[in-house]
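Here come two complexes built around chain A, the first alongside chain B, the second alongside chain C.
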Partner chain A sequence: MSAVKDIFQSVKDLWSLFVGLRVTGKYFMQPTLTVHYPRETVDEDVEQTYGGHVELVPKPKNPLKPKCIGCMMCVTNCPSGCLTVVKAKAPKPTPEEEQAMKEAEARGEKVKKPKAPKEPAKFMYDYSLCSLCGTCIENCPVGSLRYSNNIYFVGTSRKEFKLDLLQRLQRQAENTAKAAPEASEPEQAAETAKSEA
Partner chain B sequence: MSIHPQLLHLIIALIAVMAWVGLNALVLVYFERKGAGFIQRRPGPFEVGPQGIIQPLVDGIKLMCKQLVMPTGADPVLFWTAPLLSMTPVLLLFLVLPYGPWLTGMQIDLGILLILAFAGINVLALLIAGWSSNNKYGLLGAARAVAQSVAYEIPLLLAVLAVAFTTGTLDFVKITEGQGPWPWQWNMVYQPLAFIIFIISAVGECNRAPFDLPEAESELTAGFHTEFSSMGFGLFFMAEYSYMVVVASVASTLFLGGYQGPFGSDGWWWYLPKVYAILMFMIWIRWTYPRVTFVQLLNINWKWLLPLGTVNLLATAFFMKLF
Partner chain C sequence: MTRYPDPKQVGGDFYSRNFAKNARPDTLILNLGPQHPSTHGVLRVLLELDGEYILRAEPVFGYLHRMHEKMGETKAWGQFMPNMGRVDYGHPLSWNWAYCGAVEKLAGIEVPERAEVIRVITHEMNRLTSHLLWWGAYILDLGAFTPIMYAFDDREHLLDLLQRPTASRLTYSYFRFGGVSKDLDEKFVEGTKAFIARFRQRLPMYKDLVTDNIILRKRVEDIGIIDQDMVTRYGATGPVARGAGLAYDLRVSEPFGVYDRFDFKVPTQTTCCSMGRYLVRMEEMEQSCRIIEQALEQLPGAEGPHLVKGAPKPQAKMPAGEAYFAVEGGRGKVGVYVVSDGSKIPYRVKLRAPGFSNLSCFAEACQGMLLADAVAVLGSLDLIIPEIDR
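Showing the complex of A and B:
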């Protein structure tokens, strides 16, 4: 009996062929989803969902400075070794300050040496090595890294993918400052988006 | 001295067929790529010409400009014979197809037999191509092509025979005229099972997806034409599309009433839409179904199509005798 049952089952399963044809037929009739890039660009809200290369998050009060504290967690955890962070050095004391410090030392007082500020002096990022795994973003204790939505990022040489993220942050801050008065104009916003890249 | 009128007729028909084959390949490549695009909700070829309409032509020119490469260790004679052997029988096949009441290259009594006989040569061409190119993928592809084509030719034949039984002739024109212009007068209504078997085994015969195992990219690179470049590959490609057209033409002649139109409006304008409807259906299923495995392919043939075809043929013979 099972052989007969198998035959009936096989014939019944043929229905799935029509289901498949209906699916592709439906898609065939629907409009295409492709964005023809040079002639069209994606909508703003779609662009926001794009996870591009890594970028620095500015401080809420000072858009020129990143939140970064130079702890090197991102560099340590990066599996591709695409991040290079150089910590800021302590400011060099002026000759008068040095003199004062020496005198204080001679007096046997506790000398207060200037401390290194907790910020990066250099934040280099090689996008050509990055695998966009997001480990640096997850491991940043102050949330100073995020994915940018730089969707139309094109370059003709390897060099163009070595980004100075501090410079990029500064450019962004300048652009938003410039664009702020006329932010309502969509053309301006598009231009800034382009120059940000 | 004068040329025999029938010879002249044949020569004109052959030249027309050559142009028709080339044109068809271009149009079908375009439709295939556009169809694939729309099914996957992308535009397909778009940049070359309006809506990418001259893309196939440009691709053809590119293909012609490429270097002809022959792998070391390949058999030079067989290697270059294969594409020619694949392409040339196609021209003959188109000759007997009735495109219209007066648009038939050569009306002969054994049209179906001629098509079945000469279409079989393609298998030999594929075998030679794979074998002579001294390439493991080529050889495997060729072996698959032979196993598949030999298997699928049998149910194809049985389906065609069932129609031949009902009409009592092997002449395409007579079979066409035996049907009426309206859909309920077509052979498809009287022989639905034969029609289904014919379409399935036709897809198998053409090495089209989901039965495109001889050229399964994921397993065999490109199968029998792995080593062919330039127009060597181009000829295989053109032959493949031409066989599709032949098969669709035969299907529309045998089952869909051929060139017959209502109110005496017979002509190719009824024939071509039917042929292209079948071709569109073949493109549609290509982009819908995943490729079957070789075991499944042969199981469908030997366990389903062949018994069904035989039963259908016997039933047809029984009813023909009865009435």
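Showing the complex of A and C:
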């Protein structure tokens, strides 16, 4: 009885190899699923939801300027210290204005000194240190940061991952203006700037 | 009889010299790793061989030590979160959850119902990616190349879905104290439903191609016996414990989050061998699908936002005290123990990695085994070296 069982088992075992071959054969006949990167690109949907390096969000009315108010929340909360923000300084008063201010001070009046604009003068970002945790994005009070969908970002040296985000924003705005001259409305330009990598 | 090569002449490091002290003079001492592809990273195992048979083994680790626990003592509570995604690249969301849960327990932060359901969905999807990665890599270790392609095809679908809320594809930093960082959108829900339907059809194919295959069965059955006695002695958890017939699953035995709401089975096998652990993981994938389906049904009814109102900022101070929270990861019990002295920086963060205990079983389990089988046993433990070294 057990001999019959053994033979039956051996046949079953042997058959399992053919079952496996049938599976691989079936999939061999189907179209390729992998993306051959330089010749093909990933689906638009995947690219749009991809969380690449951090980028600045432009003001809705002025795509050249970021929403950033220079509050430094991103810098203090970043776990890896990859952001460097320098606040804009107050504009230097002209000699005539300075003279007028001194005179007013001498008269004992309250002097209104020029205030620093609420914007960054410099916004440097070191992608090589970033761990893409999104802490800066969540803690920005004005929503001036977001993940870019720059999925094909490559570089050959560490230097290339040190990004000037203000420059990048301006470059994006210029590219958008070039690509869509009919989009004269700034809000529309800001919309399209988002889709620009 | 002098040993050839004489360790005194050859040199070697502390571990190999120490290991050679107790070696028989007529045996060979061999380093398996740290660059061996089947050790998945940088695990090194010292083996004493008599011919092709292993007499003794000793895992040597620490090659990937990144001081995660020490880093926890230098960063603010919330700033330590990205580290949790990098302890274990296989199942990072379980570490996310363990750390978040410990801090929530410490500070008494309430998690909204919706956030809890989202956590379950993403956590189980991450378990699927973890098991698919293991499945592909394990079969690859055993010499079959094709299955990893099929596994990664499915895994890629999951990663595409998971990148929507988490914005990452591998090392997630998604959970926050009191919820998750982003809500799930409609496309995610639809995509996940479609994926589960697709994955249900793929699982029988996996069974036909690999599980039933006689070559695999002959290769992994009855090797690497880790029985209940060993499991309890070494503190092994997860599929290693369940492969020994111990139905220990934190999702059922100490339900965390909202796991007590779901109806699923804890798969166990009593064979205690590599095949047992393999079958447990295959069955777990089906059970994960069931949990995700039920959680997706509950998602619209779950109340609350995805993040509790007034969730602590990354630099927030936590009350003094201590808390321990454990979740069921893809590899076993993932535990995080935090101690706070009331400042904004943790006093101590202790991470309990399941892989460490699971690997400890290996030295005993592989005694008297063939060298080629050792690779099959190592793979069946589903080791993630970054997690073991931390």
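The rule we apply is simple: the second predicted complex is superposed on the first by the 147 of 197 C-alpha atoms of A that agree within 3 Å, B and C clash if a C-alpha of one lies under 4 Å from a C-alpha of the other, contacts with A are read in each partner's own complex, and residues count from 1 in each chain.
Basically, a contact is a pair of C-beta atoms (placed from the backbone, for glycine too) under 8 Å apart; a residue touches a chain by one contact, two chains touch by 3 or more.
These figures come from a predicted structure and were not determined experimentally.
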Partner chain in contact with A:Gly25 - chain B first, chain C second, else both or neither: first
Most chain A residues touched (candidates chain B, chain C): C
First, second, both or neither for A:Gln167, with chain B first and chain C second: neither
Touching partner for A:Gln99 - first (chain B), second (chain C), both, neither: neither
Touching partner for A:Ser128 - first (chain B), second (chain C), both, neither: neither
Chain B versus chain C as contact partner of A:Asn62, first or second or both or neither: neither
Touching partner for A:His36 - first (chain B), second (chain C), both, neither: first
Overlapping contact positions on chain A, where the chain C interface meets the chain B interface: 17, 20, 23-24, 27, 33
Interfacial residue positions of chain A with respect to chain B in the complex: 10, 17, 20-21, 23-25, 27-28, 30-34, 36
Sites on chain A touched by chain C in the complex: 13-14, 16-17, 19-20, 22-24, 27, 33, 43, 45-46, 49-51, 76-80, 131-135, 138-139, 147
Partner chain A, residues of chain B touching it in the complex: 35, 37-43, 46, 284-285, 287-289, 304
Partner chain A, residues of chain C touching it in the complex: 75-76, 78-83, 85-86, 146, 150, 153, 160, 163-164, 166-168, 171, 173, 176, 181, 205, 208-210, 212-215, 217, 313-315
